[in-house]
Each structure stands twice: as structure tokens, then as C-alpha cells.
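The next block holds one structure in the form of C-alpha cells; read it before the comments.
Chain IDs A, B, C, D and E follow the sequence of writing; residue 1 opens each chain.
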Amino acid sequence: MPKITRDQVKVPADVLADARETYIDNYMKATQGTGRLMLFACDQKVEHLNGDFYGEGIDISDSDPEHLFKIADQGVCGVMAGQRGLIARYAADYPNVNYLVKMNSKTNLVKTAQDDPYSPQLHDIEAVLAMRDNGVNVVGLGYTLYLGSEYEATMLAEAGQLVAQAHEEGLIVVLWIYPRGKAVGKDEKAPTTIAGAAGVALCLGADFVKVNPPVATEDKTSAENLAVASAAAGRTGLVCAGGSTVEAKVFLQQLHDQIYIGGASGNATGRNIHQRSLDEAVRLTKAISAITLADYDVDRALAVFNGEEDFAL
Amino acid sequence: MPKITRDQVKVPADVLADARETYIDNYMKATQGTGRLMLFACDQKVEHLNGDFYGEGIDISDSDPEHLFKIADQGVCGVMAGQRGLIARYAADYPNVNYLVKMNSKTNLVKTAQDDPYSPQLHDIEAVLAMRDNGVNVVGLGYTLYLGSEYEATMLAEAGQLVAQAHEEGLIVVLWIYPRGKAVGKDEKAPTTIAGAAGVALCLGADFVKVNPPVATEDKTSAENLAVASAAAGRTGLVCAGGSTVEAKVFLQQLHDQIYIGGASGNATGRNIHQRSLDEAVRLTKAISAITLADYDVDRALAVFNGEEDFAL
Amino acid sequence: MPKITRDQVKVPADVLADARETYIDNYMKATQGTGRLMLFACDQKVEHLNGDFYGEGIDISDSDPEHLFKIADQGVCGVMAGQRGLIARYAADYPNVNYLVKMNSKTNLVKTAQDDPYSPQLHDIEAVLAMRDNGVNVVGLGYTLYLGSEYEATMLAEAGQLVAQAHEEGLIVVLWIYPRGKAVGKDEKAPTTIAGAAGVALCLGADFVKVNPPVATEDKTSAENLAVASAAAGRTGLVCAGGSTVEAKVFLQQLHDQIYIGGASGNATGRNIHQRSLDEAVRLTKAISAITLADYDVDRALAVFNGEEDFAL
Amino acid sequence: MPKITRDQVKVPADVLADARETYIDNYMKATQGTGRLMLFACDQKVEHLNGDFYGEGIDISDSDPEHLFKIADQGVCGVMAGQRGLIARYAADYPNVNYLVKMNSKTNLVKTAQDDPYSPQLHDIEAVLAMRDNGVNVVGLGYTLYLGSEYEATMLAEAGQLVAQAHEEGLIVVLWIYPRGKAVGKDEKAPTTIAGAAGVALCLGADFVKVNPPVATEDKTSAENLAVASAAAGRTGLVCAGGSTVEAKVFLQQLHDQIYIGGASGNATGRNIHQRSLDEAVRLTKAISAITLADYDVDRALAVFNGEEDFAL
Amino acid sequence: MPKITRDQVKVPADVLADARETYIDNYMKATQGTGRLMLFACDQKVEHLNGDFYGEGIDISDSDPEHLFKIADQGVCGVMAGQRGLIARYAADYPNVNYLVKMNSKTNLVKTAQDDPYSPQLHDIEAVLAMRDNGVNVVGLGYTLYLGSEYEATMLAEAGQLVAQAHEEGLIVVLWIYPRGKAVGKDEKAPTTIAGAAGVALCLGADFVKVNPPVATEDKTSAENLAVASAAAGRTGLVCAGGSTVEAKVFLQQLHDQIYIGGASGNATGRNIHQRSLDEAVRLTKAISAITLADYDVDRALAVFNGEEDFAL
């Protein structure tokens, strides 16, 4: 199992001296000591309202928000990402989960055809620090940026300030960057656009950036195109959004390609996990982590998912 | 009569240690020690101007704003919700009422056809804390959010920050969430929309969320659809808005269904109460509280309303 | 002459304990110890530019801004309302006038047909408190709100915060509330609209609200319609704007009706006073105050205006 | 030569006690002890870009920004008005000039036909105070307001706050007020508009207001119309903008009329001065000051301009 | 090699006394003791996304962001300009580079046809000062302003405040000023526009301004037109943007003309350098610096570029 030492963590220069050990602690927790990120995305109750949690094809256990915490607690994840308020209401009962506070969110009610997207920051960073001081195991922050939106400027400014403040306090930062809006149109997943998003995350100083996998082109597979984006991200680790639920084997193969062909530094998966029953969801987090954090191949990861083999760190 | 103990209160993790007892005090006051909320809504003098207080079918006593305080004082309620200024002018004479300060409000003059709704925060939280320190019995805050409005972002940000600040100070928070605006159109009360609103409240960390009852659908009654929303709200208690004045029996049956079929954690009622004479209004608060806080059935609650039986906590 | 005692002043609960005596002082000064307000409105140099001060039918003395201060000094008024800067330039020479600082103002250059009205706050409250600490006799603040404007939200928020801050410091607050904008159209003076404005002032916590007199309707005179608004204002005193200059007897009769039929708690008069010569203007303030503060009937007030009888407090 | 004593300075009531002597110092410096202002306007490098400094009919020495400082240093002026940054780069070499920091500016690239004008405040007042504490001889602030612009509200608010802050610190304030925008159209220099602007400056508490000279009307000359505006300005001194370069005699006659017929309290001149060679520009400042500060008639001032007579204070 | 002494540095008057030595240190570092600036521009990963770093005609080494730091480290530059986050992630490994933090940035996704350009400030200056205190060798700040944009006001205000704050702290400031937007149209590089931009930079107090070279006109070459802009910039040094990659000899000749005919105080070059292999890029920085900092002629600079001669300071 590939591990890094605390000395190998590339601490950015905006982490203040007295927050340096905290930053390393958080980085090691979030990456489970591997430098790779397995992010369990749980911010959809705002982003997609209740549609991701209840309905056809979704296990009924997902209709109770506590399902998310049970998975994070029993499964193998780097961080569970959710809004501050959601975390606040359950964290006391799930103290060992590594929380990443998703700082901004919007609903899907207003479509891009009506207005370009803007996702507002829901509170200041002090609200997160207070909760951390209060004993909640917060290791980092997340923020979503829609590049190419007419509100890009506001989001760039909020994200830029957040990264600076988070690093000063020893928190890691994951940026979700999705090119979107009238100016982007159908190019949301074009390889050049995705690579651009990766570079922006680096310039903002993020520790990780979550992007959509680029489309395949005539000459390159999606994973090969992803490799260009991973390079553009430089010292910012790149992970791909999981998207809607697909069959486990397909999903695990994509993930393996993203990391071992595309140079991704992990994964960010939400619906694919939590729309399943608790047991199945827990096994999927283990299969994903086996690939992400322990270099398993797809077949062995699938065995983990199928319960033929357990996986623990 | 169902009661909870102080230990059973699920204190959210953003309530700071030194505000923990205050939070529990406020939660117990607001729910009268039951975990359920009977909210007497008195914010309509801004929201609907004078139309809810004077005119045909409205008891003349309602034209004097003090009517609201007399009802809250003599009836049985969890909290009386109104704007800070309104409370400030009468609270000295009604010191025992539990006040919930409604932080934002708009009038009904600009219609959605002209502009999507935005309800501005009327003052900072310090203005409320000062009043509390000055001796006013403030137990919590309220805030209205129009999801799907083009101003959704501003309201999400104001609400998110408010919950964090209120919890730090030991105040409970009730969010009024109404999907509304060009993007929502006629779906304001669609079950999926209402369930989405409930989940957003949880992610913002609210203690209670006030929503409109969802419409009935082909396969489900309104109360059955409400059950999905109640589940989506997780540890945030869900209560339904009372709407315009209807006959008492119909009203009490709806309320009973909301709680015992729909999983609601109480009710939020305004016009239905205050448009009546003081005596009748007081009896209605008791009938409502009998169902909400003491598990009465509809017939016995109706007896309370008819004055055949008294109800006190 | 009706007088109230200091104990009879209903001090709102947002007046902090150490500002309580100051608030009572200011309230007693502004109402000349009667609980009724005679407000001399002098904010038109911004609101109407120079058109109210120079031209046909306007006494030439009004072209010098000092005219306003001479009237306030020699006449009988509760407060003189004007912008901070105007007061700052003359107050040293007129130290005994009770000043009410009008916090916001707009010109009349941009018409409602071009854009809905917004009147910006011209400075923070600290700028007023500094001037008070510097020896200027400031007893309160004023703020204009255009309900129904597309900028209603901004003005509600500014006004709400101002009232809270002013009361904390012991200053009284008068809100000018005028429904106006595309959504209001020709209903600016409809009785329901005016009554709504009165209720909004109460919910913001104002001490007094200045509204336009409602129009007469089929079944009610203007003063009778005003009575509904006065009721809606509850513990917030309601006063009517004086409007453009009319013949003194007509004006005094209207005022008498507003108070003794319409339940108004005083008056707010500007142009009707200052467009006259100093002597005549001073006499008119005395006639108005005789009705407002001393329960004179119209005939006796007219005698005061005509100089047949003097009036002093 | 008319002089005022320190006791004759009408110190506004918002000048704090411990800044009173500083205010009087600055007022005496700016008016050279006369109560009248000779303002050398040097803010055009932003307002008009390079067009006022280079090209046909402009002396080549004006292409070097230091030209402005040489004129201010060698000529006779009350204050030199320019942006903070411009002053910062030369003040160390020209320590005796009285500087008035122009707080806001816009370029002329976006025309009124495209958007109504807004001139943003370029930095907070602390940035000016720091420079003053650092030894720069700053005596006051300037701010431009476009009344009737759709952005009037923002400028009124910025100006209102600035005057309060400047006076607290003992700085004088000059407001440039130009009615402009779609609502104003061709009435920018109508006498009623200019008089309105003068009154607004007073209500904001300005020490001086710079306006465009009103047009002549059927019954009155420009200077006679200006007299109405000067009256409306009350205790705020009114000065006229110099406009584009005209022949010296015409210019001096206009200035003399503005002061001795129009009641102006000085002048504000820029291009007319700096577009000339250093020697000629210096002589023109002396001729202007001879009229403004020393009651010379036009002929004698022209002799000063022609070098037939020197002028010094 | 032309050198200036510390005493020759014209320290602006807004550099506070206790930051004076720091300012001189930074100015001497940035100009390598010459008063001229060789700025290596590395902000394109946001401005142009990945298009400047990967693709046809671009050396593959440029796809790794660390390439930029290697060039800055091994080449000869005055400052390397990049976003705060980018610098934060590599500065620990490249401690000797002089960093200029580019405070604002936008992507190229939204075109001017859709909306006028606005480049948001990504964080406050405290975020930079914290990083400097943390040991990063930050010598100054950069900010991009689009004059003539409908958002000009916001950028003027941000830039104006930044210069004041930076100077107070002893940091130098470079403004990138590009006239752009519907109002500017095709005149982005018109000589009058460029000269105007230069004057604006001076009025904001910048130490250097980066502009596009003006076009040639009938009577003047580009460099001759540049001389007018250099004059307009006064004590603010003017440097030209390098633009897209051209043949080295052409590039060096242009640069030589800009400095020795156009009066430029250096250069600002990005793509022309980093799109080459490390070795070639390093040699180009030396050739450029030979002209900029050491008065080499073009032939000798070309010899440096070709490796026939080394260049070091």
C-alpha cells in the first residue's frame, strides 16, 4: 500500500508556521496517508434537492440523511464533503469521520438557460473554525466554481480568499470547478476546458481540484485527455466527479483509468455510493479506496465490492 | 403528554460549549418540553400589509397590533414569531411570551411576474442579541428563503450565516422555505419541491423548517407526500404553514394528518388564529397545541376549541 | 394643555438600559412633553432641489437656507428635520433647535417612469453620534422608505438596522414611508396601501411614521381612512405629510381632522411653512403646534396664525 | 486685500473639537486667508485621459505631468487638486503646495449614451490620512457627483460619508456636482439644475461646491443666474468650473462676473492654466488669484497676466 | 551596466516611514538595481487557461507549471508575476525568485461581445502580507484594469486602494492597463488610448504600468507613439506587454525600440519565454535582460540568446 511520510507533504507557502503541523495532519487524514484523495460527496441535498435521495432506482435508506453518515463511518473514505449545517446536526454521533465543509451551494431550480450559475458562499470561514474548535473533526473546505459563468468573477474572488484563509488555519481546500454558462455552452467537458479548469485551481492555490472527466476525442480517450489536465494542475491534485450512478464494474474501470492513465490523484464520488443500501454502499467505498489508496487493479477491487474480500486501511 | 428530557435534545455541533445550556433552554421553551413546535406566526403586517388584519371576515380586534400579543400571552404557544421592531414595542408588557425574531421580510407589492422574490434581512443579529441582553425573552430567529428565485443565492448566504451565528449564541432557528419565482412557476407545492426545501433546511443547519403542505398526487395524499419531505429534513423538524383561514375542524384535521401521517414536528399558524376574536383565538391556540404538543385526537382538540374542555401545559 | 409624564413614555425594549433616560429626554423634547410630534420638514433641498425654495409664490427669504433655521428657532416646533450636512453648517448658531437628522435622500431628477425610487443612506449613524457628542442637539433620525419599489429590500434593510442602532443610543426614529414604483402605480395614497405602510413602520420599530394622507373613498373621508392606518401603526405614532402649500385655514382644518378623526399623533410640515416670510412662517408653526400639541380648535389656531393671539409652550 | 481672521471661519458642527484648529488651518491655507477659493484642477489625466495634455494648441511642456506641480509651486493658488497617486509621486519635491486629494475619478471612454456616469471612490480616506501623517501637505478632499445619473444614489452615499469623515479629521471638502445622465439630457447647465446642485452640496455639508456656470436665459445673464445658485448654497461656497481653454481676457471677465455678480466664492480652473507654457501658466494663476483673492478688476488682472505687474500674496 | 543608487530611488510619498527601506529594497530587487523592470509574466493559466501552455508550437515542458519557476530561477528576470496560489505551491523550492503577486485575474471564456471585461481581485492584501511574513520573497503586487469597460469603476477602485495599501507596506505595484470593452471597440491600441492608460496609472500611483504597444500611425512608428505614452506616465515607469510568441530577433528589436525610442522602462514578457524549452527560455530571459537592464544592442542580445555569450548580473 503506497504511503507517504509527513516530510513528503508539499506544504504550500501560505500555510502559516503555527498551522503547519495541523495542515500536515489534515492532509494525511484526508489522503489516508497516501497523497491520494477519496472524497465522498454529500452536498447534493442542496445541489439536486431530493431527487438524488428518493425515487426509482434509489435505495429507500437514502431518504434518511443519516444514511450518508453511516456510510462515511463504516466505509473507507478520505473525507465526507457536505454543507456546514448538515455536518453540524450529525457530527456529534459520528466523531471519527473526516469532514470537508462544502462552503457554497445552489439548487438546480434556476437553469442555465434562465441565468448563468452562481453558487453562493453560505457563511464565513469563522463559522467553520468555531465548529472545529468546538470539537468537530473538520479537515478542510470545498468550494464550487463555474468558470465561464457571468458570475465567474464573484466565485473566483470568494475561492481565492477562502484558500488563503483556509491555509492560514491549516485546512486543506478542494475546489469543484465546472465550466458552465452561456459562454461555455456544450463545451463543458471539452479537454481544453477541463485542462483550463485544472490550471485555475492551481493558481488559486487549491490542494485538490474536482473536475468532470473530459470527453474522448478522435485521437485520445477520456483518460488520455485527463492526463493533460492533470499536468496542468501541477502540484494541485486532480480528482474526477463520479457523476450519476452506473454499474460498479464500469465505474471502477473508469476510476482506474483516471488514476493510472489520466494521472488523477483520487476520486470524488457521491450518488454512485449513497443511492445504494448501506451494506452495498460501504463495500463500494472500500472498492473505490482499494483502487485510489492502495493501487488495486479493477478485478480485485470488484471482489471487494462483491464482498469476496474485505478492504481496510 | 409526551415530554423529552434535556438530555434528549440533539444539540447541533455548532452550538458553542458555553451556549449549550442556553440552547437547550430555548429549545425546551420553544417546544414546551416536547420536541414539537407550535409557532404562532405574526409577521404578516409586512408580508401582507394590512390585508390580513382588517376587512371582511376579520374580527375588528385584529386591527390593533396588540391583539397578537394578547393571544400569545393568554393562549398556548411555543413561540410567537414577529419582526424585531414589533416585538420591541410590546415586549415589556408581555414578558412571558417566547419570542422568535423574524429576521427578514418583504411586502407583497412587487409580484413575482415583475421580479423574483427577495426578502431582505432587516438588521444584523447583534440587534437581536442586544435586545435579549436587555431582558427580552428571545428564544430564536426566523428567516424566509425563496428557493428557485433569481435571488436564491443572496438568501442562502444570509440564512447560512444566520444559523451559524444563532447557534453560536444558543438561539434556535426556524427557516421558512418557499420555492418561488419564474423558475418554479406553478410547482411551488409539488411534493419533490417541498421535499427539496426540507433537505436544504437541514444542510443549512436549521432546527425547524416551515414549508407549505405539498399537494396531493394521484397516488398519495398531501400528508403522505409530506412524509417524504419530513424524512428529507432529517434532524431538522418540519412544520407546515397554516395558510388562509379555514373552518376549525378542517384545520385541526389537516394538522393532525400532517403530524401523525406526514411526520411533521409541529405547526406554524398565523391568520387562522389572529383573525378571530381574542377569546376564540386563544381557544384555537389551545386546540392546536393539544394536537401538537399533547397528542390529542381531532375530536378532543375540537372540544378544546369549542370551550368544552380547557387545555394547559 | 395635554402633557405626559416621563413614566408614561412607552420606551421600546430595544433601547438599552444606559440609553433609557436619553431616549425619554429625546422623546419628551421631540413631542414637547405631549406625546405628539410637530415635525418641521426641511429636507427638500435634495428631494426637490431648489424648486421649493425659489420661484413664483415663494417668499424670497426662502432662497437663503438660513431661513429654515430662523423659523425653527423662533417658531414652535417639535423637531426640525434636515440632512446631516445642512444641520452641521448652521447648528452652532441655532443651538436650541431639536434636530432630527434625515439619514437618506434622493433628488427628483430620475423619475419613476425611468427607474423605481431608491433613497440612499448618506452616511453611517456614527457620523450623527459624533456630531451629537460634539454638542449638536440631535434628538432623532429620519429615513425614507419607498414600499413597492424594486429597491424596497435595500431600504427595508437600511431602515431596520437604523432603528435598532438609534434606539440602542437613545435616539428616536421617524420613518417616511411612501408606497411608490411601477408595482404601486396610482395606488400611492389608497387607504389599504397607507395602512400597510403604517404597519411596516411598526414592525421596523419606528417611533413615528410619516405617511401621505389616504384618499377619500365612497364610504369614508380621508381622515376616516386615516384612522384605519393609525390603528395599524399600533404603538408607532402616525403623522401625515403636509404636501404642497395650501391656504392656511384649509390646511389647519385638514390637520385637525387628521388628529381628532384620523387618530394621527401629530404632523409633518415643510413647504407650507418655509415658503412664507419669516413672520408668517413662525405664526404658522405656532398655529400648527396649537392644534397638535395643545388641542386648540381650528378657529383658535387660525387666530394664532393671524397674529390675533400668541402661542407658546 | 480682503482677509478674514481665524475667528471668522464658520467651522461646521461636524468638525470634532480636537480637529478644530486643523480645520481652520486648512481653510485658511486653501483660501489664502480670504475665505475665497482658487482651485487649480489637475484631475484630467483620468477624466479626459491624455487629450488635455498633448496635441494641437497645447504647450509641449504639458505632456510631462510634473508641469502641473511646477505651476502650483511657482504660481499663486489656493489648492492643487489631483488624485492621491499623482500627488504621492511628486509631493516630496513640491512640499509647499496645498494639496486637495480628488477622491474619485472616471475616464471619458464610456459615454452617457451607453451608460449613466458613475465616478468611483479610488480608495478610503485612511489612505489620505496616512499620507498626511507621512508629511504631505493635504488640506482637503474633493469628490465628483453626477446628480440625475442612475448611479446618483451611490455617489450621494459616498460623498455624504466622506464629508463627515473629512470634517472629523479637520479636512475641508470640495464637491464637484454635475447634473448628468439620461434623466438630465440637455439640461446640464439649466439655472434651476445648477441651483439644485448647489443646495445638494450644502445638505451634504461641503465647504465648497464646484458647478458649471448656468446658461444665460431670456431675462438673466449667466452670472445673474449663478447668483440664485450661490444663494441656494448657503454657507457652502460656490465656485465655477473653468471649462476648456479660452482667451485670457474673456476668461478673466467671466470669472470677475461670477464672483462680483454671481456671488461665487472663487474659481476652479485647470486646462486654461496648464495647457500653457510654464511662464504663461504661472502668470495666469496670478491673474486669477488677483481677482479671486484680492478683488482686482479685470484690467489690472490682465496686466498681471501680461507680466506688466506681478502679483503675490 | 547602468545602475542606480538607493538614494536615487524616487520613493513615493505614500510609502510610510517605517516601510521606506523595504520599498527601496523591493524596488532595487525588482529592477535589479537599474530602475528598469524585466517582468516575467506567468499569469496566463487563468487569463488564457491551458491554451498558452500546451499545443502545437509549444514546448512540451511548458505543460508542467513548474517550468515557469525553473525559468525564473535559472534565467535573469526582475520579477516573476503570477497568482498568489501558484506562487504558494512552488515558492518553498524556489526561494530566490522575486515574486510579484498578480492580485486579479479572469478567464477568457466570456468574450467582450457577451459582457465587458472585469477581472476580480482574488483575495485581500493581507493574504499576500501573511505569505511574505511567512518567508516568501514577495516584492510587489500586480493588478489588471480594463479602462473603458462598463466595470471600469470597480477596477479603478480596487486598484486605487491596492496601491495605497501596498505602498504603506513597502511593496511596489505594477498595473496592467488594457482599454477594452464596447466603448473602446477597435481602439484598444490607439496611441491616444495607450497614452491615456499611462496617465491613469500615474494618477493611481503605480510604480510601473504595463500597456500594449500602440499601433503605428501615418506619421509615427509604434515606438514613437509609445514615447508620448511614456511621457504621460511621468514618474510611473512604462513597460510593454510582449504578446504572442514571435521570432527572437524581431522580438528583441521591438523591445530595443520600445526602450530606446519609446522611452519604456523595461518589458513584460510571458509566452515568448515560457513556450520554449527550458534552456532556450533561460537564454531568452538573458537576452531580454541584456537589453533592458544592461543597454546591450540587439545584435549582442541575440548572441546571448543564441548561447554565443552568457549574460549575468
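Throughout what follows, a residue touches a chain if its C-beta (ideal position, glycine included) is under 8 Å from a C-beta of that chain, and two chains touch if they have at least 3 such contacts.
Remember, predicted model here, so these are calculated numbers, not experimental data.
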Original post:
What's the overlap between the neighbours of subunit C and those of subunit D?
Top reply: none
Subject >> Where subunit A and subunit C overlap in contact partners, by chain label >> reply: B
Original post:
When subunit D touches subunit E, do the two copies use mostly the same residue numbers, with over half shared, or different ones?
Top reply: different
Original post:
For subunit A and subunit E, what's the span in angstrom between their mean Cα positions?
Top reply: 36
Subject >> Intercentroid distance (Cα basis), subunit E paired with subunit B, Å >> reply: 58
Original post:
Which parts of subunit A, given as residue numbers and ranges, touch two or more other chains?
Top reply: none
Original post:
What order results when the ring of chains is traversed from subunit D, passing next through subunit E?
Top reply: D, E, A, B, C
Subject >> subunit A to subunit E touching residues, read off their complex >> reply: 10-17, 147-150, 152-154, 156-157, 159-161, 163-165, 167-168, 179, 181-184, 192-193, 195-200, 202-206, 228-229, 231-232, 234-236
**OP:** Mind listing the subunit E positions that touch subunit A in their complex?
**Re:** 43, 45-46, 49-51, 53-54, 63-66, 82-92, 105-107, 109-111, 114-115, 118-124, 127, 130-131, 134-136
